[in-house]
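Note that chain A is present in both complexes that follow, paired respectively with chain B and with chain C.
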Partner chain A sequence: MSNFVIGYYAALIAASCLAAYYQNRKVFMLLFSLTLVSFVLGIIGGVPALRGVTIFAGLLALAAGTSYAFREFLIQISKPGIAKELRTAPLTASFGMFVIFTYAIAGIFAPWIAPYGESEVIAQTFAPPDENLLLGADQLGRDIFSRIIYGARNSVGLALVATLLAFIMGALGGLLAAVKGGWFDQLMGRVADVIMSVPSLIFALLMLSIFGTSLIVIVIVVAVIYSPRVFRLTRAVAGNIVVMDYIEAAKLRGEGDWYLIRKEILPNSTAPLVAEFGLEFCFVFLLIAGLSFLGLGIQPPTADWGSMVRENATLISFGDITPLIPAAAIALLTVAVNFVVDWMLFRSSGLKEQ
Partner chain B sequence: MKKKFTDKDVLLKIRGLKIDGYSDETWIPIIKGVDLTLHRGEVMGLIGESGAGKSTIGAAAMGYARDGTRISEGSIEFDGMELTTASEGERRALRGSRIAYVAQSAAASFNPAHKIIDQHTEAPVHYRIQKRMEAQEDAMELYERLRLPNPQEIGFRYPHQVSGGQLQRAMTAMAMSCRPDLIIFDEPTTALDVTTQIEVLAAIRDIVDQFNTAAIYITHDLAVVAQMADTIKVLLKGEEVEEAPTKEMLDNPREDYTKSLWAVRSFKRDQKSRPTDGTQPVISVQNIDAAYTGGVKVLDDVSFDIYPGMTVAVVGESGSGKSTTARVITGLLPPTEGQVLFKGDPLPPRYQDRNRDQLRQAQMIYQMADTALNPKVQINEIIGRPAQFYSGLRGQALKQRVDELLDLIELEPARFYNRYPPELSGGQKQRIGIARALAAEPDFIICDEVTSALDQLVAEGILKLLDRLQRELGLAYMFITHDLATVRSIADEVVVMQHGKVVEQGPKDEMFKPPHHPYTDLLLSSVPEMDPDWLTTLLEERGGVDNIGDAADV
Partner chain C sequence: MGDLAGLIAKRLGLGLVTLLVVSVLIFFAVELLPGDIAQAVLGQGATEETVAAMREQLGLDRPAPVRYFEWLAGAVTGDFGTSLVSGERVSSAIGTRFINTLFLAAYAAVIAVPISILLGIVVALLRNSLFDRVANVMTLTSISSPEFFLGYILILYLAVKTGMFPALANLRADMTFVELLHRTFLPALTLVLVVTAHMMRMTRAAIINLLASPYIEMARLKGTPPWKVIVRHALPNAWAPIINVVALNLAYLITGVVLVEVVFVYPGIGQLLVDAVAKRDFPIVQACCLIFAATFILLNLTADVGAILTNPRLRHPK
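Now for the complex of A and B:
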């Protein structure tokens, strides 16, 4: 028995006892069942398995600590009203915010952070990682780390612009349909149905092969594909609001549609719309990454996570995990955004904790 | 009604009950130590204004604390069993079988996707008291006792297929399904018309008597509680004011607060008569027919005039076309026939075709202040917008006008200027609604059931305010209501509507004097009075219980 194993069990059992002493049922159950599981794990996997558990727990604790500190930081720097809201954020949400914040920094300051240029050839093809090349080089000898940093700017920026456009189109259409009703509502609804009836990836591939793969075309095509979802949500939310008496009062006052939308409906529908924005952003991001992987998205030599996965895919057969790093970057961002969105959905749904 | 209760029969004993509510991240006491003793077969009325904690105590009697509240202290003993320390499973076993609950809005409490009788039999079958078929037969018997029409068949309908009064009675039947020892009625008739209310009251009283069930009857209507309860307990802000047997409480209330509750219905102002100097009416509704798209006629040849500075009350039960008439006048629903004159000139039938000045002249105050004020807009903008929109006021002048309006509705400008509607109480919201109507400087205001969602004390304040504004600004009101007590206190003229037709109209004093149209008579006699024997006498007068149901369900 190594010192590590003895320490491992001693620490777990001591922590369980502490939790039990302070009557923290949940923590105790978690720690003690982990102890029991560790017995089996230790017998089957030996010391490395236990080390794995320790590292995993350590990473989790690190993430939790970072999230906690980041939430405190946000509470300190924001105004009292917002600070009060932030206090209700669970750790997952502040972890999500931290990740988004990191990506934003990486994207905005990419030229200063990245050690090499975006398409600068500086090494051998598939050079292994060393002190200068943190993650090695890709199939043309470009620094993968630098390209991931630049990719944050390109992939995330493009997805953000496309989502924004989809929202402007969808939300405006939905609000107008709810306010105007009648034939306009019908028309918009049928147009949305038609767009939604075509599978989104097929539709995107079709449009991109017809109109070419310039950035503007990508943004517009993706925005058109996703705007019907936004349209339907906005129309449903606004539909519940336009039947309110205060809308009737405003109409009887003689207010125009634009005033109704801007002053009466929008303030009451922001919460679900913001939550939807986060969700749609993930889908748009994944769609663009998928298109890039298929070669119809962002074109080389511009760095993009989706195409980076494809370019380095051959390395997988050699047991190298490098192509998974951009994929992991995509996954992490998606998870992070969803954490934040979950919290916002929870707030806007009006559920109260017991 | 006179019953004697001994200590042996105690069913529910609440001692020193304290309940906290969670708001703004702290626990605030909402019930501050209430005692309550209920005997078998006793009906106790809990009254008080909203926020007094009536419903919270009602829920606590089942050992239940609503979301965001907790029972912090005290004991609740139901038939020898302490509910505050009982496990959730034990408490749940009581609910439905030994303690039942009848909610205010039966329409919202029934599951619209299941037939009434299936929901009725759920509890007895769940508690293995009866088999499904037995339970159904029992349900039919209860429906018959509650005088529901067609008791064999009505249970097989869905909740939306029966009327509100019938649904409320079906809910009472459902509460009875396991023959509970205690039923909690939480404002069961508040949402109903006077005519419908009577049948529900009579049905509830009979069935509680027949099965010797104890009941807690929660309401803010004193006249109703006087009919139902053996004892009355008055609550104010989570504390008990006083408790006494009904007769004693009505005849000589001890506390000032109770006296003020009793005095509410006393507000009355002098009746005005039409001007004789040939002044034109502000609004003249002439032979209006109206129908919703593709539907049947909801208004049939409706005509009446409203003169400057006068209040015309439009009464009738729900579905009689009162609110539809208001929609025609405001232009939301163009009439199929007839026209609306404003000071002699016809108004365009659609509000979209009216110009700003025509829109300005007819303002509306709504029943539900919650939905009538945008929750995300500050008070100053709610009131300021019409002033800005019609009079083009800006900056300092606008602010001054808003302050002036807030003063007019007796709310302190500095305190309310920057607040949002959800932060205000019901009465304050209704005042903001009035201020918004006044900001347009209209000649004519439609008040659509403005007081029916409010407690009596608050409602009286609103009525007094409306009366003062009428005197100061010379406004004309069209007052839509089903509450005849309100009509008595503020109307000059009365228009009685039934099935989209005007049944009778005239000055108030004539309308309240016999002879009446039979429908007016029914409406008038259905208004509960403070006399505890009123319901009994009325039922005898109307002869045979069967007609009351028929009279209101026609």
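Now for the complex of A and C:
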């Protein structure tokens, strides 16, 4: 029995006893069941398994601590009204905000953070990591770390632009359809049906095979594919608002469609629309990452997470995890946005499951 | 029951119309090419004569609507023309690959459907417990990860480091069924992970929605034991949402399969489509898109028909 194992069990049992003494039932059950599970794990996996559990718990504690501190930080710097809202945020949501904040910093200040340029060849092919190259070099001898930093700008930036375009198209269509009604509403609804009846990746591949893979084409194609989702939501939300008395009053005053949309409908439908923007961003981001991974999205030598995975995939067969880092970066951002959206949906709908 | 048949027939007709519109979209999208197919394929350097010869060969001199109906008539009988790059019949290139793709999707579905429905129900019953929270975070992570991320993680840990499964899913004709299952396990598992997460979340939402209805409350108040509330009162009403969830997620598998096939070099039509897009081989792109779209529409149709069949309220609209 090594010192590590003795320390491991001593810490767990001491913590369980403390929890029991302070009558914290949940924490006690969690810690003590972890102790029991550890016996089994220790027998099957030996010391490495226990080390794995320790590292995992440490990472979880680190993430929770960071989220807690970041939430306090946000509460301190924001105005009283917003601070009150922020206090209700669960740790997952503040973790999400922290991740988004980090990515934003990395993307905006990429040229200052990255030690090398995004397409600068500085080493040999697949050079191993050393103190100058944090993560080693890729298949052309470029610094992988710098390319990941630049990827935050290129991949996320492109997805943001496409989402914005999809959102503007979908929301405008939805609002106009709700206000105008009649044949315009019907026509827009049928167009949305047709676009949504083709799987998004397949539709994107068809369009890219025809128009080629320039950035403008990708943005427009992706925006067209995802705008029907926004259209339907906006149409539904606005449809509920249009039948209200105050809209009737505004119409009788002789206000135009544009005034109705801007002053009456939009202010009353921001909450679901903001949440939808987050969800939409996740879909768009994953679709563009998928296209880049297939070699049909953002083209080299621009640094992009999807294509980086594809270019360095051969390293995986040597048991190297470097090619997975850009993929993990994609996953982490999507998870983060989802956490924040979850909280916003919960807050805006006031839906509380018992 | 004639009412019911009419309702389903109406829904089937609507599906057929959608499919027709989509086929028009797929065919005429290619007509939007700057210039035409011959110019796009041969590129800038081609002489007038070669372009004219290719136009002749493809029959591009005839009007587009005529060619559309010929293409559609061919597609219905399984004839999609010839590949522009290899000159091979498109139908023979697709044939076995389509069966391979269906096999992979079915393999994933057989594992994913029972597990995810069971877990979804368990999570719904234990809602807001620690187990539910952990499951929520895990499924959210799984949904948010790109398919190629999950695929490569599985390759790294189950193939490269431990060697339990082969990393590449290339198939041979003389494999036994067990060998086939072993060889395609990793791509199937990747799909299972993604689809299970989706299905679990949707099942959970459907069941929670159901458990909030007044007749469940009534059953509880009159003292029915909890298991009986589930089996007698909740489950018969849960079939409609569950069938819907299953069909929608099978439709989702269709998109996921493309990326997974590329990661594992699996010989399915997803990979064929990606290759054809890169080479701008339009007959193959059109054929694959039509097949994917048709499957997608069919599964969505199944979801709707299933909902109509299991929900008496939809059968008798007010």
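As a convention for this text, the second predicted complex is superposed on the first by the 351 of 354 C-alpha atoms of A that agree within 3 Å, B and C clash if a C-alpha of one lies under 4 Å from a C-alpha of the other, contacts with A are read in each partner's own complex, and residues count from 1 in each chain.
Going forward, a residue touches a chain if its C-beta (ideal position, glycine included) is under 8 Å from a C-beta of that chain, and two chains touch if they have at least 3 such contacts.
Quick caveat, the model's predicted, so the values are computed rather than measured.
Of the two partner chains placed by the overlay, only chain C lies in contact with A:T92; chain B stays clear of it.
Of the two partner chains placed around the shared chain by superposition, neither chain B nor chain C is touched by A:Y226. The wider contact with chain A, measured as residues touched, comes from C rather than the other of chain B and chain C. Residue contacts after overlaying the shared chain place A:F281 against neither chain B nor chain C. By the touch criterion defined above, A:G254 reaches chain B but does not reach chain C. Residue contacts after overlaying the shared chain place A:A331 against chain C, while chain B stays out of touching range. Applying the stated contact rule after C-alpha superposition, one finds that A:L201 touches chain C and leaves chain B untouched.
Of the two partner chains placed by the overlay, only chain C lies in contact with A:S209; chain B stays clear of it.
By the touch criterion defined above, A:K263 reaches chain B but does not reach chain C. When both complexes are aligned on chain A by C-alpha atoms, chain A residues 354 touch chain B in the first and chain C in the second. Taken together, the chain A residues at the contact with chain C in this complex read 26, 30, 92, 193-194, 197-203, 205-211, 282, 286, 289-290, 293-296, 306, 309, 313, 316-319, 321, 323-324, 327-328, 330-331, 334-335, 338-339, 342, 353-354.
On the chain C side of its complex with chain A, the touching residues are 18, 21-22, 25-26, 29-30, 32-33, 127-128, 130, 137, 140-141, 143-149, 152-153, 155-156, 160-161, 167, 208, 212, 251, 254-255, 258-259, 262, 273-274, 276-278, 280, 282, 285-286, 288-289, 292-293, 296-297, 300. Looking at the complex, you find that chain B touches chain A at residues 22, 67-68, 330-332, 351, 354, 356, 359, 363-364, 366, 368, 371-377, 385-386, 389-390, 436, 440.
Across the interface of their complex, chain B is touched by residues 244-246, 248-249, 251-255, 263-264, 267-268, 352, 354 of chain A.
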